[in-house]
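Pasting a structure here, questions to come.
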Amino acid sequence: MKAQKNEQMVHRFNKGFIVSHWVQAISFFALYITALPLYTDFFSFLYPVFGGPEGARLLHRIFAVFFMLPFFVLLIFDRQGLVNWTKRILTWKKNDFSFFLAFPKEFFVGNDKVPKQDFFNAGEKLNSLLIIVTTLMLIGSGLILWFPANFSQSVVQWGITIHVVGFSLAMLTVVAHIFLSTFHPNSKASLRGIIKGDVPVSYAKEHHGQWYDELVEKGEIVEEKKKSKGA
Amino acid sequence: MTNHWIDIQYSDAMLVIGGNPAENHPVSMKYVQKARDRGGKLISVDPRFTRTSSKADIYAPMRSGTDIPFISGLIKYAIDNELYHKEYVVNYTNASFIVHDDYKFKDGIFSGYNEDTRNYDRSTWTFKRDEDGNILKDETLKDPRCVWNVMKEHYERYDVDTVCAVTGTPKEDFIKVADAFCSTGTPEKVGTIMYAMGTTQHTVGSQNVRAYGMLQLLLGNVGRAGGGVNAMRGEANVQGSTDMALLFHIMPGYNPAPTQSERHKSLAAYNENETPASGYWSNRPKFMASFFKAHFGDNATPENDFLYDYFPKSRRNNSHIALFEAMYDGDIKGFITWGQNPIVGGPNVRKEKAAMEKLDWFVCMDLFETETATFWTKESGADPSKINTEVFFLPAAGPYEKEGSVSNSGRWMQYRWKAIEPKNDSRSDAWFVHNLARRLKALYASENGPIAAPFKALDWSFGDGDYPDVDLVCREINGYDLTTGKTILNFTQLKDDGTTSSGNWIYSGFYPDAAPGEEKNRSKNRDNVDTGMNNYLNWSYAWPLNRRILYNRASADLEGKPWNSNNEVIWWDNAAGSWVGHDVPDFGAATGPTDPGWKNPFIMRPDGKGELFTNGMTDGPFPEHYEPYESPVPNAFSSVQLNPAARIWTGDYNDKGDAKDFPIIGTTYRLSEHWQTGPMTRNNKWLAELMPYMFVELSEELAAEKGIKEKDKVIVSSARGEIEAYAMITKRFRPYEIQGQKVHHLGMPWHYGYQGIAKGSIANYLTPHIGDANTMIPEYKAFLCNVRRAEG
Amino acid sequence: MFEVSRRQFLKLSGATAATLAIVELGFDPHKAKAAAKELKTARTDVTPTICPYCSVGCGILIHVKDNDVVYSEGDPDHPINQGSLCSKGSSVRDLYTTDRRPKKPMYRAPGSDRWEEKEWDWMLDRIAEKVKETRDSTFVVNEDGIPVNRTEAIASMGGAALENEECYMIQKLMRGLGLTFIEHQARI
Amino acid sequence: MTAYAKFVDVTICTGCRGCMVACKNWNDLPIDTQAYNGTYQSHDKCDGKTWNVLQMKEFETASGGFEWLFRHQACFHCTDAACEKVCPENAITTTDMGNVVIDQEKCVGCSYCVYNCPFEIVALADYVNEDGKIVQRAQKCDMCDSRIHEGLVPACSQTCPLDAIVFGTKEEMRKLAEERLAIAKEKFPNAMIYDPPGVDGTNMFYLLPEGPEAFDLPVNPKVPTSAVIWKDYAQPLGKMALGGTVMAVATAFITNKLFNKGHGHDEEGGDIDESTKE
């Protein structure tokens, strides 16, 4: 996404956060693809692509390592982003809850009456929470399945189930997340934020009103003159 | 075996003592279980709790080496409680015979003992006779000198308490065994005794067997379906190889091997001294003449005494232990083994190995490189450079890479066909012996003189092919009617005039009446239709004369009717005037109620009776308890500790251990998964996988005393040596209480050696060179030892 | 010479079972594939033998295909074992298939620490020579006026694993040579 | 379909282990010698190399008696087979005779069956695949599938000297088991038939001389709850939910195109960077 010429930009994400996001995103899909033939034998034709089941399992484990990296990347390179993110997604206010009432309409046809949102809107908060939970499920159960000898049989059995449940939930979240962040007309501008690290102030004002207000209050940006189309 | 494997199913009580069929004859348990399904009881008497014990209805522990007290206790129990089969005892045994006036027994010694030679003069172990030579009898069994009462007196000392104090058997277990087994002393019921090397490998081994025989006679269990005294033999053809006389003391068919003695100095002397006046052995001269006709062929004639003189005469004990003692002494220069591995299987291996190191040459024929084949290698602990023996290893063909017959424990002679050519460059033992004979014949062909003569006279007519013609060997064993050239019908046709031949008279009949080229080998019979009482008379051939149950006349009562209709074997058919039934009668088929021999079922005995009292043993007319050579306790029954007729070997390596240094009783045994000295099992990947390691089994109590923990390596030592093995701590071993004293025991398999896939210490480094007084079978089953944790 | 059969289901006859199986297979393509896996013993030469281990005398069938033993099993026709076998009996196939059997006759010279492979002819000649040499130098024709015709310098041991015919031949040759030290496993 | 079963009478087994050798012999299984464990038992449990293992248990009875018990352990061929349920490749199937077989050519070695077998029987082991490569594939007793489909009994059953392992229709075997139970009760008062209902019965079932605990057998084995949740709920629901989400997203995409002309930041946000599309 390119910013409009002369548009005022506001910093949203650090490099560490961005890298983490994409490492996780890419490895998630790599893991997905390498596990797909095992998840359902409709995709068994994929095995030869990975060099047989053994190849698929090896790749799955390699990608699993990348999948586990983001947390450490954040911890080392963007502790502030990590704290900011965690704090904000755990903070739920009235507007966050009313977001969901407005969301269905917003989702399908757009809705003007979405309440003012935080740095992360409630959908993103939910998305983040779901991703964290499912990631933990996948990593935890994945490690059990990787080293089953160290666990009792029933732990391994539940490991498989949790892996499957975690994956299913993660997949739903990811599909919605991708759609909303890339295809949905009302939010895809946010994509720039997770690529370049900044977003237009107008976007912030329109979609993350509370954050915008915070920024203005702190004097980090000059208040936008131009009236937004949406809000 | 008097009976056969399938017949066990008719038993009401199966006393397994000195044997472990579940482990060593597993398929026999099929018939034990069939008997149990019919209500029969399995009784396991064994020093340790075995896989057989696990299936037993009654298990009674018994200290190794105390079979005689145990069985004698049963004999006394049966007599005291009148559980014996009276009609059978009175009529079919020698219970009523009056014993010689000079027969005596006092404090462990029978009359006629010579302390210096450790031998008995058996002339008083006989019966009182009238002027005509007839044995005096009292069929009321009242005469105090009749066998019955002499026997009763002999066993008076074997009361339950004394017996249990000696055997270590809990009294209640002993009573359970006694009640269960002695319940077969009725016409309605029948019991069998199944034994093996746990019985025979003692200094009183033969008397152990005899005790079983006596008990079975008392209970009327011999000759009947589901009865008998049944030796479970350890090798596929140890029955046949014994029948074929691969033993120094016999000729094929159990004629005594001639010795350097006045008794045997000529054929006439031999026949005179070895032929009883009555009983089947009265035919001995016919068997001898026919044997020599087979051995020397046309060279043997009545005029030259069938070349009896050319037949080797032994001057000494040539048995296994004696053989190795002679080898150690340098008497033996050349040695040939045919699938035997004494460096694992012989007693006192350290000595036997030292003996082999003195050989000039050694030929070893085997399927695998055995410990014996490699006795000279570093792995064996030897220094090859110091051993000057020339060693020839001949790779032998496997059992289904050749053809021929084997005789199982039930005397069934069964044919093995050849399935495939011998592996690699191996050859059958028959091929080797045939070609060695031909080489030697060629070497001697041009020689004359007294040394060459006996060998040149040997007939060797097994075909001109590279491989011997097995069919010709079969015909020779069966024998020929030399007047017709056909094989002889059976041994009843043999003559002493040189017109018949038979290589082994007891087998005569398996290849009957066949003209040259006509095949009638009955060991190839494969008709598996039950001909009645599961005797399968048309399956294979059982010697003698295809009889499946020996002494089967005794299965019928005094009127010739079966004792019990569930248990019929043969019976007298008055109309036909002959014995008929489910088996070939082991009796004169036409011997009827009016014949004098009508009540004499034991046709091989001169008087036709089962011998409760005998002079056939070297060490006493009755079994008497003596402690094993090495024992931690004194003999409770007399002041004589060791069998007084047992031969004691002294000299190098023959140290005797005492209870101070070696307080624990050691014993050796076999496992289901291995076989004998192991070449054919420890080299077998599947069996090696099942039992990969040598171990020593011991009780939790002994382990605790010695600080031995599960899976520790331990060292077991005896006066002869020591070995290392894994400890196996188990509840299946428990200490004994013997005469108020706690006695520990341990046990180990003797299968292992340093060759093969599954390797381990050789147990026989521990065992002594001492044997049974009659058979010289070594006392493997009870010796003294100690055990400690191996360091590190 | 001999006929052998296979052990069928306990009560159901084999033919019925096979038919049943084939009929039902028709409905299940996966099963059809599995059944297409040919029975290992479908095209073997079968020879009956008797177990070489203990003395129960169980019948065994040896299955040979392409000059190799592909299976061994209890002989169902045999009245004693009726198709069954213990662990040892079940293992006889490996007596052939093992790679542990020596390849050639082997000779160890006095003082040597190794085997040398030799041909049978060489071995036979050498052994015959040793036997004759030892026999001739130790043979006793008469002792104490009794013809004894023996040598005590050669001993023969073993034979319980061999066939009756072999045992007979061995005792014949050994006694023919004058041996008295003739022993085997029955003694120990 | 007629269910066939292998009935194992543990009360009469003598522990000769003919079954173990016959199995390796028939199936050409590899050797797997284990370290010394202080007992006669050769292997701790069944695995992909050793399809049946004779368990040997020394056991002191409540009445102070002592027993040495032998249990032929092999695949139970559960009627409700957890391994079959969890196999993602449909490599595990129950045949028309009731035995559960694994097609190693379809198997991918994922181990799901290994972890979900209520009896810990299935295991991975070397397998030479179509390319001649050695790979790890799930293996276990297949009840000698090729034999029973030719009317022969399984190799272990044929070789059992005691007829402690008998093969026939499940119905016949149940009847035989009841008969044997009546006899066994005399020596073993706690004897019982072990044909666990939690897996809908098994086509290899036991007459046990003592309760299942004495043999370390699960008292009430079931298809693992986790497997039920996974296979019967999580996976179908997951697929449905995924389908629903995709449908919703697709719908939203269309509806937004049609009706959401006035919203969004297309203008401001510019084009989507193609490279970030996943």
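Lettered A, B, C and D in written order, each chain numbered from 1.
The rule we apply is simple: a contact is a pair of C-beta atoms (placed from the backbone, for glycine too) under 8 Å apart; a residue touches a chain by one contact, two chains touch by 3 or more.
Here the structure is a predicted model, which means the values were calculated and not measured.
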- line: Farthest chain from chain C by C-alpha centroid distance is chain A
Task: Please list the single chain whose C-alpha centre lies closest to the global protein C-alpha centre.
output: C
Task: Could you please state the distance in Å, as a whole number, between where the Cα atoms of chain B are centred and where those of chain D are centred?
output: 49
Message: Between chain A and chain D, what distance separates the C-alpha centroids? Give it in angstrom.
response: 40
Message: Need the CA-centroid distance for the pair chain A / chain C, whole Å please.
response: 73
Task: Go ahead and note the Å separation of the Cα centroids belonging to chain A and chain B.
output: 85
Field: chain A, residues touching no fewer than two other chains
entry: none
- line: Contacts with two or more other chains occur in chain B at residues 26-27, 30, 672-673, 685-687, 690
- line: Expected list for chain C, residues touching two or more other chains, is 81, 84-91
Message: Applying that definition of touch, give me each pair of chains that meets it.
response: A-D, B-C, B-D, C-D
Message: Considering only the defined contacts, which chain D positions touch chain C in the complex?
response: 1-2, 16-18, 20-22, 25-26, 93, 95-97, 101, 103, 145-153, 155, 158-163, 166-169, 172
- prompt: Okay, in this complex, where on chain D does chain A touch?
  reply: 86, 88-90, 108-112, 115-116, 120, 135-136, 224, 226-227, 229-230, 234-235, 237-239, 241-242, 245-246, 248-249, 251-253, 255-256, 259-260, 262-273, 276-278
Query: In their shared complex, at which residues does chain C touch chain D?
result: 6-18, 20-21, 24-25, 27-28, 30-31, 33-35, 37-40, 42, 71-74, 76, 81, 83-91, 93
Query: Tell me, which parts of chain C touch chain B in their complex?
result: 1-3, 45, 47-60, 62, 64, 67, 69, 77-82, 84-92, 94-96, 98, 100-113, 115, 120, 123-132, 134-136, 138-139, 141, 143-173, 175-188
Query: Quick one: in the complex, what on chain A touches chain D?
result: 1-4, 7, 25-26, 29, 37-41, 44, 47, 52-54, 56-57, 107-110, 112, 148, 153-154, 156-161, 164-165, 167-169, 171-172, 175-176, 178-179, 182-189, 191-192, 195, 200, 202-203, 206, 229-230
